[in-house]
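Labels run A, B, C, D, E and F following the written order; every chain starts at residue 1.
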Amino acid sequence: MSEIAGKMSIQEGAKYLEKPMMGRGILLGGVPGVAPAHVVVLGAGVVGTQAAKVAAGLGANVVLMDINLERLRYLDDVMPANVTTIFSDIQTIRENLVLADLVIGAVLIPGAKAPRLVTKKHISEMKPGSVIVDVAIDQGGCVETARPTTHQKPTYVVDNVVHYCVTNMPGAVGRTSTIALCNATLPYALKIANKGFEKAAAEDPGFGEGINLVGGRVTNSAVADSLHLQLQPLRGRGAA
Amino acid sequence: MSEIAGKMSIQEGAKYLEKPMMGRGILLGGVPGVAPAHVVVLGAGVVGTQAAKVAAGLGANVVLMDINLERLRYLDDVMPANVTTIFSDIQTIRENLVLADLVIGAVLIPGAKAPRLVTKKHISEMKPGSVIVDVAIDQGGCVETARPTTHQKPTYVVDNVVHYCVTNMPGAVGRTSTIALCNATLPYALKIANKGFEKAAAEDPGFGEGINLVGGRVTNSAVADSLHLQLQPLRGRGAA
Amino acid sequence: MSEIAGKMSIQEGAKYLEKPMMGRGILLGGVPGVAPAHVVVLGAGVVGTQAAKVAAGLGANVVLMDINLERLRYLDDVMPANVTTIFSDIQTIRENLVLADLVIGAVLIPGAKAPRLVTKKHISEMKPGSVIVDVAIDQGGCVETARPTTHQKPTYVVDNVVHYCVTNMPGAVGRTSTIALCNATLPYALKIANKGFEKAAAEDPGFGEGINLVGGRVTNSAVADSLHLQLQPLRGRGAA
Amino acid sequence: MSEIAGKMSIQEGAKYLEKPMMGRGILLGGVPGVAPAHVVVLGAGVVGTQAAKVAAGLGANVVLMDINLERLRYLDDVMPANVTTIFSDIQTIRENLVLADLVIGAVLIPGAKAPRLVTKKHISEMKPGSVIVDVAIDQGGCVETARPTTHQKPTYVVDNVVHYCVTNMPGAVGRTSTIALCNATLPYALKIANKGFEKAAAEDPGFGEGINLVGGRVTNSAVADSLHLQLQPLRGRGAA
Amino acid sequence: MSEIAGKMSIQEGAKYLEKPMMGRGILLGGVPGVAPAHVVVLGAGVVGTQAAKVAAGLGANVVLMDINLERLRYLDDVMPANVTTIFSDIQTIRENLVLADLVIGAVLIPGAKAPRLVTKKHISEMKPGSVIVDVAIDQGGCVETARPTTHQKPTYVVDNVVHYCVTNMPGAVGRTSTIALCNATLPYALKIANKGFEKAAAEDPGFGEGINLVGGRVTNSAVADSLHLQLQPLRGRGAA
Amino acid sequence: MSEIAGKMSIQEGAKYLEKPMMGRGILLGGVPGVAPAHVVVLGAGVVGTQAAKVAAGLGANVVLMDINLERLRYLDDVMPANVTTIFSDIQTIRENLVLADLVIGAVLIPGAKAPRLVTKKHISEMKPGSVIVDVAIDQGGCVETARPTTHQKPTYVVDNVVHYCVTNMPGAVGRTSTIALCNATLPYALKIANKGFEKAAAEDPGFGEGINLVGGRVTNSAVADSLHLQLQPLRGRGAA
């Protein structure tokens, strides 16, 4: 689903940059002779990568930021030429937010709350009519001024910056999402059906990490930390 | 402005394919493991070319149709690999409309009415929830069921197909459009300022063709044909 | 050698699609104005990946199917834009076989028999003159109607579908194959020469897995399963 | 049809480079770790361009030779990175033939005999098992040792070089060829039907040039030169 | 030779951006995690196009500026994604010079003096250690502070901006230049040898335009204007 | 820093191929109609990969050599089409050195001396005026004739081959290097600050391997081997 959210975030951002949508009245990809938009993607995981790829496909100048250098190296190998990878720190984030027409918040830590990378102060320094899409909203958002919205009323404006913070974004493209979800979960469903979840988890630590709750016990450490509950790991879970 | 309309047409089409917008609930570019949308672009002029390029950039499978083989050859050289050029005739149009998730009507003949390539019957055979964007609406539209709409209420539904027929589409991205328009018209404005339009037109036949009305006379043949008025060509206008 | 078989499979498929070869009389890559062929590649391992890359290079529309989502994600990053990745299940396989001009069977499980993904019924529903190349024929084939052929008489026809099932395909490009084989085996040969195979296998589990028979004992589990013989693992073989 | 012949020439060349076909036993595109074939394309018109594009798509190293510098510049803009354009002269032709695994003769002058760029001596210096495809064979061939062959027996060997000189190559992919031919000729057929050929030719010099014979008179200068007949131009034919 | 100068200009610019060469100490293409240089190319003719292509190939963010919108459209079709085309006017030039690490002056009008697009004031506003390469120096330069230099001492510094203004740049890569020059001039030499220059010029207006001086008379209008001499056109020279 | 050295190596090589720099007078990327340079990169690690990418971006024909087949496969997926991967052995190295205009020595083994792949004899067989850049010079060089030079006097000539062997190449682009170094080391610095190096090394074997000396003891085996000192591994260091 992350891939869908990543791709949709640019599609939505492009739409809300239109003037009747309260945006700057800018075309994401520019046209020959007119510069394209500056898109900043915070986080180079699955969401951020797909967002960057789509924005580049539309013709925008894209900056993709992360602190995982190994990941940035790989992306430098496979991304289109109009994606620049930047190591993310307080200074580079601020420098890029000031220039941005569209910002995608894509910093998600599995099961944990998203870190607040974009502050109120950052928002106040952004260009009027710029758009921010916070894909991390389901984990609390990585933008300080973000609060959950719906597909019925997807945006609101803070300090002249349009905020799009729809929870469950992929719901809008249900046909694509349903197929994608089946594809991703089928192997796990088959394993559970064949072996029972305890055996499946014991054999495959990655599988076990996906199990958050067992009979009322919290078995995933990120979830436990985030909700301040006690962690009770699964037996037989691998060390890795 | 054609380039802007072409690029916007895909952006709008992608948005209205979403379920809350009455579309099929499909993500234009698909995701790994799920097929992308099938986009049909009718007309390979400036509008259609930009539309095809953007749709391809988003990851869709694109069919670009035209009857100008020379143009299709050039586009085959420069378009991304997921754009297929098809020679347009009654049969190939129908074959492709039946498969389409998104159709862009981009058949414009300068100054003349657009030909009606997509009929009511075609529309009735399209998939429910598919979207059609008629960029030719300013010249009467190339879709039989098209009627002008506005940015306030951009779409309506006929036979389960969402129609987007906003006149003056580039108005929504006014900042980009204004710069593009200045770039395109500046050289002509300078010529008129320096020479007067009569001398400018006499020296440059292409310039002369852009002059539609002079002191009440219709000087452009396409305009004259289209409005059933008498043509009175400019003196000194080139033969080409 | 898998890479060579993968690349060759498309070259052969393109050739046997020609009319004098009993094929549909279709050019794989199309030409400007005429749609290219629809190529379906079953399996996204080394064979299938190379096949997809070459078919895309020729200009075909390619569908690459697999059940490994992680692999499909990587391929989505690095494949040309005219390759679509589809999660493989009974329904998507059938949908794509019906449309296919060329099918590449590339589902190989190391040392084991290939699963029969394409049935007699599928073949009967394919277009007349379409071509199927079963690269998995050395492990029994992933097409029900496949039986081994030779470079001398490489094809036969079942239900109007041309079958190409040459065992040892890379033999036809011996010069390239010989170099490739040396490159791939040299490091192992050096290890055996320097350490003896037992020590080499003990130190490098991946190496040990490549040893199928030792003094009459079957030491590889996939081979043992496939031939219904008893497995006698190497001592000192790693756990991975 | 030139586009089809160009694309097919590589497909055939790749096939006849196989060992059982008398070729060098080389895979056109190489594999990781093994160098690809060296393909030389003589002539950068429609045939040569398509041949170069397909060979590059397969992964070969391609040299595309011509004497039209303007054309080479355009091709340098749009060709894949593994196509090198070289200005064609006696020395560069020879240097490249010596290195070639596959040579495509694509020097066609409309209506005239093809120039003999590749001589017997060149052939004798080529690598054993290399392949030469003379697409210009319908106009007499641009290879001295070329003589027409058929799809039934397409090749013969001279000085260890495999010659493929099938006349009417596109006949083998009849389905694609028929559609392509219709697309290309339809506009002319419509003009003749609407206006008669004389009026059509008078209005459109390019059209007039396509008329070779009128009531027994040779009206095309290249045809007249080539067959040593007297030229009797069409009246009303443009000067261009 | 323009192509060589264009390509070399980036190679030189990259070198003189190094710290020991007095430049900013910046790597043109950046590395994963560090932003690349901002390269501004003034003029999108042959020189500017090649410069932009090479800079993009090195990984820089490139802005290519011109006032010919038709040309910008074509370049938008064929340039890599990290080249942005911008319509050139006083404001956009200044905006981009301020951000530039490397500026290429590539505004050449055949035979005429280059316009002074970059003024002393612009230079004073540029970043310390940035580099400017004025390829137009042979026609007087398009940078106000430019004065001719040599391969022996190629650069000097004005207002902390490194100036590279070597006349006859292609001389440094004599081997490539000699071949390129032969290729470009051979057709003309053959025409002169076969027909004499007067007949050749009469038949081919483009050829005639290349003749600047005949028996002491200035026959080319741009040259005449530029040197304040009287123009005496060739007889039989075409109107175009 | 390896990435910077890799990218710079091509930039330097291109510069020193110029005639006034003692090189062959060749433009790395060629121009339309003139073949580009042949660049050989020895070693496909980070340095070699970046070098190959940049050389390809400039338009050269690039051969990238290594003995790690898995790595060559990945590079074949992500490199531009004008990079050919070749499995490196005595014969292929020699074949390619003879043809090379520019050679990049990029064979580095972390902490150990670089192997001497290019011998005096190889150098004597290379083309006059060709250039060799030995990036491995900091570990002793992989070219027999290499000896350390400085940015002040970066090159010398042996057997007509220009040698560029500057130690600490990235120093010339200090601004880029400083940022890159911070990005790469920041996570380690934070770990040391938070945990002390002993705990950090115990928890993360990869981290531990980066520690070469502890209180006078050599803790890294490659360093110990290379300097013939005794190895005293860190306690708590992982087995991997």
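The rule is simple: a contact is a pair of C-beta atoms (placed from the backbone, for glycine too) under 8 Å apart; a residue touches a chain by one contact, two chains touch by 3 or more.
Fair warning: this is a prediction, and the values are worked out from it, not measured in the lab.
**Q** If you take the chains that touch chain A and keep only those that also touch chain C, what is left?
**A** B, F
**Q** Of the pairs given as E-F, A-F or B-C, which one copies A-C, with over half of its contacts the same by residue number?
**A** Same contacts by residue number as A-C, out of E-F, A-F or B-C: A-F.
**Q** Roughly how far is chain B from chain D, going centre to centre by Cα mean, in whole Å?
**A** 36
**Q** Between chain A and chain B, what is the separation of their C-alpha centroids in Å?
**A** 34
**Q** How many angstrom between the C-alpha centroids of chain D and chain A?
**A** Between these chains, centre-to-centre, one finds 51 Å.
**Q** Enumerate the residues of chain B that touch no fewer than two other chains.
**A** In chain B, the residues touching two or more other chains are 3, 30-34, 56, 59, 69, 73, 78, 87, 179, 183-184.
**Q** Chains as vertices, touching pairs as edges: which of line, ring, star, complete or other describes this one?
**A** other
**Q** Please give all chain pairs that are in touch with each other.
**A** Every touching chain pair, ordered by label, is A-B, A-C, A-E, A-F, B-C, B-D, B-E, C-D, C-F, D-E, D-F, E-F.
**Q** Hey, which residues of chain F end up touching chain A in the complex?
**A** Residues 3, 46, 78, 179, 183-184, 186-187.
**Q** Enumerate the contact residues on chain A facing chain F in the complex.
**A** For chain A paired with chain F, touching residues are 67, 69, 73, 77-78, 87, 89.
**Q** What does chain A use to touch chain B in their complex?
**A** The touching residues are 3-4, 7-8, 11-12, 14-15, 17-21, 24-34, 50, 53-54, 56-59, 151-152, 171-177, 179-180, 183-184.
**Q** Within their complex, state which residues of chain F touch chain D.
**A** Those in contact with chain D are residues 30, 32-36, 56, 59, 61, 63, 69, 72-73, 75-76, 80-82, 84-87.
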